[in-house]
Amino acid sequence: MEQEEEELIVKGEDREGCGGACTRCKAGPLADRLSTFVVLTEEDEEVIKSVVDGTTPSYSLESKLGDCKRAAAIRREAVQRMTGRSMEGLAFEGFDYESILGQCCEMPIGYVQVPVGVAGPLLLNGIEYVVPMATTEGCLVASTNRGCKAINTSGGATSVVLRDGMTRAPVVRFGSAKRAAELKMFLEDPGNFDTVAVVFNRSSRFAKLQDVRCALAGKNLYARFMCSTGDAMGMNMVSKGVQNVLDFLRTDFPDMEVIGISGNFCSDKKPAAINWIEGRGKSVVCEAVIKEEVVQKVLKTTVPALVELNMLKNLAGSAMAGALGGFNAHASNIVSAIYIATGQDPAQNVESSHCITMMEAVNDGKDLHVSVSMPSIEI
Amino acid sequence: MEQEEEELIVKGEDREGCGGACTRCKAGPLADRLSTFVVLTEEDEEVIKSVVDGTTPSYSLESKLGDCKRAAAIRREAVQRMTGRSMEGLAFEGFDYESILGQCCEMPIGYVQVPVGVAGPLLLNGIEYVVPMATTEGCLVASTNRGCKAINTSGGATSVVLRDGMTRAPVVRFGSAKRAAELKMFLEDPGNFDTVAVVFNRSSRFAKLQDVRCALAGKNLYARFMCSTGDAMGMNMVSKGVQNVLDFLRTDFPDMEVIGISGNFCSDKKPAAINWIEGRGKSVVCEAVIKEEVVQKVLKTTVPALVELNMLKNLAGSAMAGALGGFNAHASNIVSAIYIATGQDPAQNVESSHCITMMEAVNDGKDLHVSVSMPSIEI
Amino acid sequence: MEQEEEELIVKGEDREGCGGACTRCKAGPLADRLSTFVVLTEEDEEVIKSVVDGTTPSYSLESKLGDCKRAAAIRREAVQRMTGRSMEGLAFEGFDYESILGQCCEMPIGYVQVPVGVAGPLLLNGIEYVVPMATTEGCLVASTNRGCKAINTSGGATSVVLRDGMTRAPVVRFGSAKRAAELKMFLEDPGNFDTVAVVFNRSSRFAKLQDVRCALAGKNLYARFMCSTGDAMGMNMVSKGVQNVLDFLRTDFPDMEVIGISGNFCSDKKPAAINWIEGRGKSVVCEAVIKEEVVQKVLKTTVPALVELNMLKNLAGSAMAGALGGFNAHASNIVSAIYIATGQDPAQNVESSHCITMMEAVNDGKDLHVSVSMPSIEI
Amino acid sequence: MEQEEEELIVKGEDREGCGGACTRCKAGPLADRLSTFVVLTEEDEEVIKSVVDGTTPSYSLESKLGDCKRAAAIRREAVQRMTGRSMEGLAFEGFDYESILGQCCEMPIGYVQVPVGVAGPLLLNGIEYVVPMATTEGCLVASTNRGCKAINTSGGATSVVLRDGMTRAPVVRFGSAKRAAELKMFLEDPGNFDTVAVVFNRSSRFAKLQDVRCALAGKNLYARFMCSTGDAMGMNMVSKGVQNVLDFLRTDFPDMEVIGISGNFCSDKKPAAINWIEGRGKSVVCEAVIKEEVVQKVLKTTVPALVELNMLKNLAGSAMAGALGGFNAHASNIVSAIYIATGQDPAQNVESSHCITMMEAVNDGKDLHVSVSMPSIEI
């Protein structure tokens, strides 16, 4: 019992990267041995007790105390007492608890520190970028850095954005498939697009409806709205735009029953062929030609060996495993590290790391053309 | 150009959760306005210049200076100068840079702060757990907390671990499919299992080989080794065990060419049917019966509405989208938040969030039986 | 050896349907005990010998003899001698061998007889149809017939064609992904559509280009052309249209290398998400409301039992199996039987039987709404 | 209306292969212009009328008349009158209608003639096989024949059967996932295997249980039984064996509710990853080395061109299309033609044509190693 409880709280010893040997892991993966607690007063002690005994709901501490940091400290102490587990490994000081109130994370008790390393510079489209990666996986930054070096030495990489649109797909139900089909015809009719777009785009000055695609499962309609969202990831403005359209449709389709603003045909945070094929967020292809000598000196291998490995592992191996959009080695590692470093949603890593890596020998078989095609990077 | 560079570094304004309104976002998503830099000396200035002009490689700073924190500070300053971008938003102080050296993250310049909120307690198998979640997605902790409340009020949840084994699948090549088939027969022959297991298990006192399953793509063999790993996630011990077996096989299969220690049939950090069907890591099913009145009061809906939504969204909607193991609403959100909070690898979120959510009316249609089946939680 | 040879030739004893008990099976699955051979002359005997000893190529018999039936009879006898296996079970007389010359089947030695049963009438969109089914699977026609009866008694079924377009997707390669992206932009630019369509549509007076969608795997472009084809299945006219466009593109994209007129992004005769999501051929939804009493009397079950079975088998069970477009019970049986009866290509059954079956209780839970949604019926 | 009705009955003009030009197509795809009807008597006329007006159910004709051929002739005439469509194109004479009664096809009205051509001989494992193919797709037999020639000239092909087991997976439901998990543990416990196998194997002297694998979706259990079936495809004996086990389990699991004898986790006649990964029926790999000069002279191309085409089309192209087990060019064509010729079930073509084609240059890049790996050939 105690043991299992511990699992949830201080899990993480024996990290893959270091085998639990590093001082950080020894102190717990969330360790910040420098952090000191806010000093708790007698008055605080009363509040802590009332949280522990259930008199004061934990979620009400911020509004009750009017001091976010103190609320977090009290909650933290209450959790320690309730679980009997020390929170020592979790950083507390040095964070602005006011800033997340009602915005980013409810009922905080501290924060996790994820170290940020830098790979690069990476020469991309003629510009040098430094790539920040937040990770605790040993060698990940170093190997990415080596890749950047190989690319730069060979003249840099090139990328093209092929498409850019965020999606949301409500599911609505009718009394018959016939009626559902009528809504599909309406929404996909080019003649109605301008009207629907005007309604949709009221959600934000950045929102611009691009496309609506509908699928029917009997009398249930899934309508996938895709729109450009300016610089934002834009999930919210898309949802609002969809709601606008659903409201608008009630006049002509009063028999439409909205089952869910998301019908999983979007598809958000799940591996789904629709994202792989239709794209979601930014669809990008990026390529570089790595010179033969660079492959040998920097990557310590040969062009034919890499081409073969890519075919047998990333293409055929993934095919054997029944992969969906997973025709790569470890795109997920790099995507999630950059997402955490740059404040993107790491839960979207699922489809954002969809990637097919291609390697072909070029220049009479001497050099290596390598590319990654990623259809659904949500940022 | 400047603009694009900025994207990589300070991306994250306009977070979905807060619309960019919170003070934390305003200061940049990585903001720690309290952090103060180490004071850089004149000597440091020399080193910074040499990093900027390329004389001193960035990765060598730790060994050159013998002071990890100073190395990180100098690297950070060098990155600022090279990119012309302020690092002000990225926390620096309050982190033990020595602890990650050679273990967790190379070339650090600071760290990201991810707030940790607590949901729960969650009554699971008769024990109360507090669930730590590291996230900046607004409402995620709150809604998880509400779920916990609904579960607890209804008597708690129950979970069963159905399987527990980490996998690694090398790809090896032969001169013919016939030879590859011979190795398959050898590895899958129960009579050889004990021998292979002894060789494999030398990798760690925790490693215990459970199963080997082979697939052929012509003359290329993918052998998926599954083993229990004690309390560790165990990727490393599995890889080592696989290497042991490959070395051992060279005597009887000298014509075997090892193409890769991973052939993507494992399958690590990619959405692949093999994990969904065979499992990877822990295969778990968790269930609860939510009482009718709790569904109404806590979840603000009805049992039939939830059953229907689950069928039309999580089952049919995902089927329409061509989902693979994504028959749920947002398992990925919760998995990634817990992974980051507890030091698990967030890149494995891809398959660890495979989940089918089932909802059925029980007790004469009054109450709700809800379950999540998750076959590949890698922890 | 003899045994294995037999497998290929007279396989089929022990048919699932009859357990090998029926007289037809006893005589071999291809049996036509009534057929009598053409009488072979001495001259024929010479030809047979020359085919057996390899002097006369089997494929040249038709042109050499100028008599298709005689050519088939001689080939048949030659095969019998070469394999030592009797062809008695394979029908020969009663077929017009001239008619298939150079059109439908090379090197014929006879023909298979597949019995055609009729289900129905089926009341669909107010019209009664008789459904011809060519099958040797026992009970298939009978159970389809029972379904028709249940539908008719309840007032008939309704269908809607949601989309109708055949596809072909060549794969072409460039020196860089950047160039491949330029072709994608060109082909997907609405401003170029009319030009491309004119070129494409020259392939046939029925061909009408509807859409072009491109995907990139690095520097390789897959362009999926979709067009309406009149009443024909239209694979040939689409292929010809694609060739027209590729020829046309050579002026502006002289660096384009055509790797294959089909790049498997079409996707023909393979299970692929792109057909499930984008459709291929006719996308159809068909629905009926089966009355409570009909469910009980004709189908011998209840509405709640059917709804539950559909959810647990066709939705959840298929989800567990990692199905792609296979959310039904046995659509493939009916599709292949109708395809063979009506001269459609049974090899396209693979994707033409993609189907999601939905069942919902309607009319206050009394009656059953049942539907099939089939996105890629190629006819 | 008339037009649509025609579609179902005489569909098939404008066949892809011949563009509708061949005499066979001109007469309707089902044409047998030689067939003459049985002469209908006045007594027959009465029966026909009673079928048309619904007094005599069509399905009762065989038992009523005691003459299967006459029953079929009368039914055929009745269908002609009801639909107003001529059945002239459908062969009638020359078929033994008694033999299919109660076995293979209910309510027959005639039969389809599918011409059988022969490809080969194919030198496989040192033996020459003639490959019978029933098809109306022009060039299919000819191109298969050319492939055989290329293989034979290069020394023949080799095949290995990797696995051989038919499957059936019932879905059963419990009151809780915990109980479902208990059954899973029971069925997968090696200690119980012998007992379960004895019960299962009572279904047939050929049945031999090999394996049981269970998956849970909440409290619903899908148990995939795999067994060897001797020379039969064996669907029936597996179903019976499963029923035996379910009956046996009722003692220890009286709370088990059998929802369906098939829960789609089998998975029969649907594209599903479980067949691709675990296999169903025979799992086979077949390989050949085609000599450089043969590639050039017989196949009219080069080794590097084929290797590249295979990578860009069969591997990468299918990956882009979201294929499941469809990493080949047109396996389905050959499988369905052989299935129809040899009396196999063409509806199982869906998964039986799962195939990955690999091509690699061997012998210092001179020759071509080609293989097909097919995990679920159901015969």
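Side notes on the structure shown:
Should a chain be cited, it is by its letter among A, B, C and D, assigned in written order, with residues numbered from 1 in that chain.
To be clear about the criterion, a contact is a pair of C-beta atoms (placed from the backbone, for glycine too) under 8 Å apart; a residue touches a chain by one contact, two chains touch by 3 or more.
Just so it is clear, the structure is predicted and the values come from calculations on it, not from any experiment.
Counting hops only between chains that touch, chain A reaches chain C in a minimum of 1. For the pair chain C and chain D, chains touching both partners: A, B. For this pair, chain B with chain C, the centres built from the Cα atoms lie 42 Å apart.
Separation between the centroids of chain B and chain D, computed from CA atoms only, is 41 Å. For the pair chain A and chain B, the distance between mean C-alpha positions equals 12 Å. Shared interface positions of chain D, i.e. residues touching 2 or more other chains, are given as 215, 217, 220, 273-274, 276-277, 316, 318-325, 356, 358. Interface residues of chain A, counted against chain C in their complex, comprise 158, 160, 162, 175-178, 180-181, 184, 215-220, 273-274, 276-278, 285-287, 322, 324, 356, 358, 360, 362, 369-373, 375.
Note for the complex: chain B touches chain C at residues 273, 276-277, 311, 315-316, 318-325, 327, 356, 358.
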